[in-house]
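Consider the two complexes below, in which chain A is the common component and chain B and chain C are the respective partners.
On to the complex of A and B.
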């Protein structure tokens, strides 16, 4: 009938329009509102970063003084020599060391400097002539007859970036320039191992990325002792006075920091920021009882008991730090008269000259003995602490804790003690090399693991600022590796610091918390009550329409026949 | 050289860690869950006694039992009904309390994704040489741990959080102890290296509580932590007890449930792992042999600066006074408008004939 037909058509129209709305509007809307916002990340660049290929380049200048080369050899000398040394650590990390060596003869002024009476004076006057840039070295080859170095010493490593190398007798006998260079080259290489980057240091800096067996316990101790690369460090000097009744301690800490510590920290400013503060603590005892030892005529602390000294004291040490930077504590303990003098014994039960010990990644403690005359009436004794002695110990501990490793002593090498700033230039260079490599490796690992994490968990929102931090980290990393390749150490360190800051900011952004783990059964439990009541009648109506259309077509077909 | 003999270097650096951290979380609130707070506080007490400082302990307590108004012995939390040991102590430092103990905050502490304003005491500032002890207690089930009665953390989220810690090398070794019902399910999904896990019960078993106390009115401790506390009270900072002894704590006869453990992800042999490697903080120590020779000549005399307060500001600048208006200013727009309105209304009402008196 007509109305039935109208009704059926209306029903069909209604079903089709509902289906249209559901499919054309509903599903896209649901999709848009339930997707998480994920900013675009440069995934291909990140994947390229996963393979770390570093090229470290150092400039070396080898200067031949008068008496080391014959005049014919001198005329020919204009050689620049580049040598690459490849190391493949594992499949993903490879290192190449490039030494660009330039050979030349000494100038008149340098000859004047080399004719000074002692090696120290030579070093000083050579420095006034020219200043080598960061990361480069100059090796002066002096003849065997030279009296600058003592008899058994062949190499003198200066405070700046120069070394004096005494050439052996065989070199004089060599005829051609190439023979001379071939003889000198391994000696220069040895000097480079000490003054510039060495394979051990660089692989230790890559420790996070490549868990190599450290080899000797000494190396493991070195890697455990120094702090990881950090944008800043907070240093606290504390004076512990267990018995203020007897001692009135005066220490000019401000002056000492200004005179002794600040030069070192200023020199280290490319590496990290430092903040220094100090405090005095009264009535704070060391947690261990020292026993009187008649053989040393003093109260002694053995190495085994030192391990338990730090914890009770640490509870009393306040901290001024508001940032999340690493803390270094340096404690000066003045023992009370009942336990004076107090000496620290080493493993062989000998007295330690510095009377100090340090703990890896924590700081150091020094015991300062006061030999005062205690009046019978019980008045306190004024004590002026010798800050030069104290700071000498603390600065040595600070150097160790920051990663200035003492290299194993080599035969025939004489290393100049660090100057008034507490750090030689080449030691700073070595630290900068290992820090740059460490920063680059850590930033790379951070970025790649962040990308992997974001890829794995689909539900994490990636904001625009995170994408921007990642891009800037990648740009800084590329710049840092380029600067390392061209040998500009200072720029490389700066870019690597920027890279690591950006990557850490991206990785530790508070918005990246993944609390959106939905197991599949929970997903079904949420969506089924919402969609099934609508979809089931809709689908059934559509099926009915389709069967009607099908039926009509068959009728038409039958009519035709 | 540093001056350490080779053998002593090996002995000292056997464990590979230089500092210790502890994250202790109690996840349930309400008075009848007193035992969970007592569990956490007893582990806190042991860990502090063995040397880990407060700055390296993150203590999360979801509810306050010591000062709860239902506590007949205020300011105390006891672990035994003989009331000898007050695990609350005098210097407890709770970092996350009450509703701050949530799944989100727990995961933020583990992964380090905290807002920049978070203070140091609420952060886990560990590095690649830190041994971390993580202790969780509360109500749990197969694959989840209940937080605060309305949230859950699943074992997969926990495993992912540990993996993110490993990716950033935020731990050297991790000991994970959980005292809940079906606790073994929480360490099932862990896949990061250097993790050892202990649980108080297997999947399908309940962890039972131990000490009902009629004076306080609730159960005081859970069995597994009760016997673990007894075991830890015998440990002192220099003791050489190892993990195999901890595994023997609370056998089925005492605990009723079967404690479980997982050591396949851990690289060292548990027999060589000292209890103090995780529960205590034994520092590595090296003698300082080399010193720097600093000359005394550069230091000047002690500068005795007379210390004075900064010149104070004039009083009038400190006490803000209203400036007196000395000049006469013509009335501003509001007054003018108001008077115009009044005049208009007047003339409208009474007629325009009055206007000629003014003009």
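On to the complex of A and C.
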């Protein structure tokens, strides 16, 4: 009896110790060797990113010229005024616009500049006096009597970051400074709507993050036209010659790029890197057979058929093998004599003056007719293309496609034509504001969706370099938002670009693809032969021990009773 | 080294040019009026900076097959070395131009070949190429990370040519002597050279279409209209290539320009395409006839090799052409009938050109090329083997040196001490050996040697190797098919009768001006041997799971018995009574008597 009891105890002990070894050594060993490496990600910071609260702050200086304020008012003038404007886009995104307005009187040199004969000259001399930093604006308030502006114009928007504002009679009536300021303020705000960020632009830039109600079709088309923010753009000008038998085309593209395109691009260089290429393609037809239209005495392409023009041409354009930047195409099509002249018609069946159209986020096409040149004998003729005419059209399309929107003209506003660079400083600022916001929005979405993806799929290995990219993206994002808050537009754009680059690198890292598919059925096919023979006897033995213990306790209970 | 960079000294170059001029002047029988018209055409079309020429050479081969060799040459005066960004393209394709400038390429040679060129039956091709894909690139000396640039470049080229050129440092080498730059430039440091082959790559329509897109006229006009894939790939041999190199614009070499040569060589089997009749025409070969030259081309010509038919005894060529041109091709003086497509008269009254050759005799005799090479794997079992390379010198009295280049993947472990070179039964000691051993999974073997081939002899190079058992994830799909080892490259200056000129002038045809040669008594030949197909020991790929199951079963049995031993209670049991005793007890129970 005693030996049997000893035996039983020994067996029980052996079972328990085997179970202990399995649990204490086997399971941790299995866990450690089969676990995927997942580097630590700053989860809390990523969750914070899901809520985006942007504060855009613009410095505005309002300068009163002589004759707009009374001497008493002038003495009190050094006022700073901060105004916040909150917008809730949706539950997770909110925007605040902060205008930090400073009021002061004009200096003597500025007065001199304001007494120049024309607004253009004033604009230039004000610019030479002081150069305002990126993102800030100066509004000069000039008296009603000033002859700088024509009669029906109240506001002159210069080429740089200055505007001239003619005050109306109401400020004359105002007694105190506060009243004057109150009267000027709505006018200044109107100017700001034109020259600085507008709510419409900024919400359009958030399109990656916030699904907006479509609004009017025109507005929707506007928002879809321009390219997404990209670290670089490749601009390609292609000359399409459907039949070189008829004409030999010559275009001075080098000169044209140097004269017309390069100034604009160097002005835009803070926004992105640009590279310009050109090529000539022969035997390239448009995808549509133009019909002869007697009423126009020309072959015509209707608006409906333009959609079919691009695809066959695109096969010949050649993708950009050497980089992954966004590609803008500008095609100049010279129809052969059998299909010439070729005209593009608009919705009302009228000829389009420029004979060109553009395709959103793709590029532009212009048709260039050369009828006058052909000779009767059918010999090929040399045709020199007028690049000024062509580049005028392409530059306008380029501005649109890059997102330099012409804002709706307001009554009483005179907007100075952009200078030789083809882009005003304030237009660049507007573009930089919306690009910064767009970059921030895109980078936050990329990072949050990456975190979500990694959270959902446990099998993905997260290497240290990905964690590092994520952290640096988050750091850049924080810096970018901070710079936006303090109004340093150039830095904000720079950081937002870094953020987008780092986030894209993390998101598209090839190491994330490894082991994405490691299905459970295969896992079990390998585990079952190992685990079942080991675990079944062990579990059964443990169950038996438990039932014995249970039995004994019941026996004891019975004895007590 | 025997292969020299083609920068000749000034006097020498002038002399060579002069010679070429003299030979042309002496030998070419061209009507004068045609020459005048042609030169005027050239001057109007060629605006000095861009030039495009197209050419087709048709050679009836001794075996009865037809060899058609297309060449399209685009010249572009541009300075990539200066560092300024060149981005305006006219005739030169933009995609290749971007590749050159982005990756700082000095020279690029890529060929995609379907089939093997049979030197014994067909003689020497104008542009040799190995089966599959071959790529060799010279980078500019400003490139710091050559390996990184190389792998990026091959990725981009794969995209451009729709091929799967997955080349990196594991399968590419830096030959020290076999591949010298063919264009101008004095960089000969082979650190900037990368060479790789892919013998298994199949070439088909999807590779031809992007190749045709690089032509200025596409496949819409000129000679390129003949390039219909259904006929081109229904042939014994098809090879398309792109060569980019910097060349001199003129004799003084004051300006340089980029030369893009697109070549396409195809050999048609006469009996298959001609249903047993020895007769062919452009229409039969390509199912197209020619109607015009590419309007952008400054010269557009068809050459038909009529050297073996000087008296018209073998075949009849129609329409007949008064233009004949003699040229020295691959050490041999050949006569060509020339058809100039820029002339309206070429197309005759029907305004289409359909060349036709009708054979009179049907006897074909084999020719013996002066240099010939072949290769095979010897040995049995899956452990070791031997690579044999045979090089034939069929010249009756002259010996000449050849450079042999072998690229052997790391999974064949070469034993270089077993390398033996024998000719005519005697050991032939190579005068130069460059050997880089492989590193497993890092780089392949490079074996390069300079061997003197005695006259009228066979030289045999053998080397032993071991086959390696790979990791199970390293096997490609269908591993039992075997593993390819790329062709050996045999480069040599073969003795010839007539000198060749390297710098293509307008007088010399394109097809014989590709490889440079300095010695005027010999011509350059590059031969590719057959690729090898080697079997490696291949496991049964369900094995890992079987092993897991078997191991687990063994572990389970061992563990089970151990577990049983440890946890079972052992008690001394009463021995069971025997059968007789049990029966007796049953009876006793029935009787009411106590059991035994």
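Operating definition for what follows: the second predicted complex is superposed on the first by the 486 of 561 C-alpha atoms of A that agree within 3 Å, B and C clash if a C-alpha of one lies under 4 Å from a C-alpha of the other, contacts with A are read in each partner's own complex, and residues count from 1 in each chain.
Quick note on the criterion: a contact is a pair of C-beta atoms (placed from the backbone, for glycine too) under 8 Å apart; a residue touches a chain by one contact, two chains touch by 3 or more.
Owing to the predicted nature of the structure, the values given are computational and were not obtained by experimental measurement.
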| item | value |
| --- | --- |
| First, second, both or neither for A:554, with chain B first and chain C second | neither |
| First (chain B), second (chain C), both or neither touched by A:362 | first |
| First (chain B), second (chain C), both or neither touched by A:420 | first |
| Partner chain(s) touched by A:396 [first = chain B, second = chain C, both, neither] | first |
| Between chain B and chain C, more extensive residue contact with chain A | B |
| Partner chain(s) touched by A:280 [first = chain B, second = chain C, both, neither] | second |
| Touching both chain C and chain B, counted on chain A across the two superposed complexes | 319, 321-322 |
| Residues of chain C that touch chain A when the two form their complex | 85, 87-91, 93-95, 98-99, 102-103, 156, 159-160, 213, 216-218, 220-221, 292, 295-296, 545, 548-549, 552-553, 555-557, 559-560, 563-564, 566-571 |
| Contact footprint of chain B on chain A as seen in their complex | 207-208, 217-218, 220-221, 224-225, 228, 250, 252, 255-256, 259-260, 303, 306-308, 310-311, 314-315, 319, 321-322, 324, 326, 344, 346-348, 352-354, 356-362, 364, 366, 386-389, 391-393, 395-397, 399-400, 406, 408-409, 417-418, 420, 422, 445-446, 449, 453, 457, 507-510, 512-515, 517, 519 |
| Partner chain C, residues of chain A touching it in the complex | 4, 7-8, 11-12, 14-15, 18, 236, 244-245, 253-254, 257, 275-280, 282-283, 316, 318-323, 380, 525-526, 529-530, 532-534, 537-538, 541 |
| In the complex, chain B residues that touch chain A | 1-6, 8-10, 12-13, 16, 18-19, 51-55, 103-104, 107-108, 111-115, 119-120, 123, 125, 127-129, 154, 156-157, 160, 164, 167-169, 237-238, 281-296, 298-300, 302-303 |
